[in-house]
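Each of the next two complexes has subunit A plus one other chain: subunit B in the first, subunit C in the second.
For the complex of A and B:
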């Protein structure tokens, strides 16, 4: 473990209070290993050039590194063909690409889009907007009180003219790991195209898009050790080929006539303008790091540590942990009686403990949970049980600070 | 900086037992503001009589800072002339933006709220109720409102 922690320079930065940093906000963004940071610097020092255009040696080197990164990402998520991986700024852009290029021209009045109650706003708002624009219906499949998706509610939601189903692989609030392969199979049976939001999936659980069987899978680089502004959309080749571009401009064309243009082959059709080349290369490096560790090992460690976190938090008087789950992603959300989540996060910050507080970009879910804000501790494989101990100590101290008198 | 710097005793007291907080009926709510960052919400009703802020009532839920700020502001503002309250709110906004210095004589217990300015992420929590009260008295004290007739 100490070896792994050594790979992450920021974990050894002193906090303003002088103590060590306990970083438990990994669901917001992960920290970056030295190899990813070095890859970015190395790219700008030795390779920097625009891709797919120049004939000079740097352009060729940059293009090669960029396309190698695409192959790495494809292999990491079990995509059989690198052309099915489009680089984006992150999950949000990837989902918007599907919303605008696939859904918008195909949705008709009366059609149905199905999402779940546990979606992050990035997999909720685009579908709400598309449904409203097309006169389609947005149906929200509810969760059960234990924090899992209600399979009956999901099945009922599919009973109708459902055109698209969008669902999270792993919840950023509850930590629920959805049985996506099963849910996707049922959605396909109902005739729907499927979109899986993998923002919390790729960092924490082994992903195989072929086994899941989805049409689209969206991911964020920065949540899986990569740079911010990097991410990807996986799409089935035949879907991507049938879609119009999302953004127009350079690099995405085949031929530009005075009155019309034709589009480049996929994936380039969906990568207008100069891409975030360094970001893609950094993401490729992050994938290398995760593969060296082993996604199965990462998942086991994080799920066990998150389960331990939930159990320890439940021992603290007045704490309510959301989600009673046998298996967890990295996120554990909770509320503390008498202490607002923001005050708790502020107090813990003074102790060098970084957690998240607020609505966590999941207002529809928080309404269902009956709260306006929660606290969230989210672990990564570089976190330890000792750090969870510090969190729990901090929580006890916060209780005596805020609840005295 | 310590938590004690931010959460001074007077602020915590008001957060635990906020003044003028209670259930407002929907028709009584003049202004309803939210801090989208954290979901804090403050609703306010302010009566203006003879050019003075006669009675203030709050509703909503928020963190210790936003709740205490509303409570302390209510203590300070109630009974004062509308113009003085307006000017004070404007000056306080400048203090929070770092454009004016906090003045202990002018602020009294509100000094505890002014201390929040050293925590940039929390300034919105501290000023939410102030914006709400400003909007409420602007509505009530406008020439067309029956209260000012």
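For the complex of A and C:
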């Protein structure tokens, strides 16, 4: 473990208070290993050029590195063809791409879009907006009190003219790992196109888009050790072929006539403008790092540590942990009686412990949980049980600070 | 005219005098726990904002916690502020702002510079990235002052 921690320079930076950093906000963004940071620097020092158009050596080198990264991402998520991987700015852009290019021209009044109660806003608001614009209906499949998706509610939601189903692979609040292969199979049976939000999926659980069987899978680079501003959308080739572009501009055209244009082949059709080349290469490096560790191993460690976190937090008087789950994708959300989550996060920050507080971009879920804000500790494989001990100690200290008298 | 909150007219110490007093209170604290404790005490000393005023129109946008701030104008043109947050720390920060600005003239509020917060160790709350909404609360106060002074906020 110490060896792994050595790969992450930021974990050894002193905090403003002079202590060590306990970083438990991994669901917001992961820290970056040295190899990813080096890849970015190396790219700018030795390779920087624009991709796909130059004829000089650097341009070819940059294009090669960029396309190699695409192959790495495709292999990492089990996509059979690298052309099915489109580089995006992150999960949000990937989902919006599907919303605008696939859903917007195809939705008709009366159609139905199904999402779940545990969606992040980025896999909720785009569908809400598309449904409203088209006069379609947005149906939210509820969760059960244990934090898992209610399979009956999901099945009921599918009973109708459902055109698209969008669901999280892993909840960013509860840490729930959804049985996506099963849910996607049911959605397909109902005739729906399926979009899986993998923002919390790829960092925490092994992903195989073919086994899942989804039409689209959106992922975030920065949550899986890659640079911010990197991410990808996987789409089935035939879906991507049939879609109109999302953004127009350079790179994505074949021929531009005075009165009309034709589009480049996929994936370039969806990558207008100069892409985040360094970001994609950094993401490729992040994938290499995760593959060296082994996604199965990463998932086991993180799920065990998150489960341990939930158990330790439950021992603290007045703490309510959301979700009673057999496995966790890293996130553990809770509330502490008498202490606002914001105050707790600010207090722990003074102790060098970074957690998240607020609605966690999941207001529909928080309404269901009956709270306006939660505290969230989210672990990565480089966190330790000892750090969870420090979190629990900090929580005890916060209780004596805020609750006396 | 009925007022949302009571707003009597009358003289109060200047903003500068209030700031000086705050500076004195915070001067002796040696570490962050003492500063936080005092901020929380200031918040707890705020008059509670009636539940019926905790409604969307008085909510301060851009805060992670819920914050409400109501502002009224007294007959002598001075402004009164009343607010609440469900976060103890944010309520304390709000109390600091209210103490500075309550019953002051709009133009004096508009002319005031929050840089003095550095002297009481609260400068970390001034960065826009801080999600506690300190900047948002200050903006709301300034908007109210600008409106009262007949300027566009």
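Definition applied: the second predicted complex is superposed on the first by the 405 of 405 C-alpha atoms of A that agree within 3 Å, B and C clash if a C-alpha of one lies under 4 Å from a C-alpha of the other, contacts with A are read in each partner's own complex, and residues count from 1 in each chain.
Keep this in mind: a contact is a pair of C-beta atoms (placed from the backbone, for glycine too) under 8 Å apart; a residue touches a chain by one contact, two chains touch by 3 or more.
Keep in mind it's a predicted model, so treat the numbers as computed, not measured.
J.: Following the superposition defined at the top, how do subunit B and subunit C come out on subunit A, clash or fit?
T.: clash
J.: Is A:308 contacted by the first partner subunit B, the second partner subunit C, both or neither?
T.: Neither partner.
J.: Under the stated touch criterion, which partner chain does A:401 make contact with: subunit B (first), subunit C (second), both, or neither?
T.: A:401 contacts both subunit B and subunit C.
J.: Classify the contacts of A:347 with the two partner chains as first (subunit B alone), second (subunit C alone), both, or neither.
T.: both
J.: Would you check which partner chain A:263 touches, where first means subunit B only, second means subunit C only, and both and neither mean what they say?
T.: Touch status of A:263: no partner.
J.: In the overlaid three-chain picture, which partner chain does A:366 touch, first (subunit B) or second (subunit C), both, or neither?
T.: first
J.: Shared contact residues on subunit A for subunit B and subunit C?
T.: Overlap of subunit B and subunit C footprints on subunit A: residues 340, 342-343, 346-347, 350, 357-359, 372-373, 401-402.
J.: Sort out for me which residues of subunit A touch subunit C in the complex.
T.: 17, 339-340, 342-343, 346-347, 350, 357-359, 372-373, 401-402
J.: Which residues of subunit A touch subunit B in the complex?
T.: 16, 340-343, 346-347, 350, 357-359, 363, 366, 372-373, 401-402, 405
J.: Quick check: in the complex, which residue numbers of subunit B touch subunit A?
T.: 1-3, 6-7, 12-13, 16, 37-41, 61-65, 119, 122, 125
J.: Given the complex with subunit A, which residues does subunit C contribute to the contact?
T.: Subunit C residues touching subunit A: 32-33, 36-37, 40, 64-66, 86-90, 131-132.
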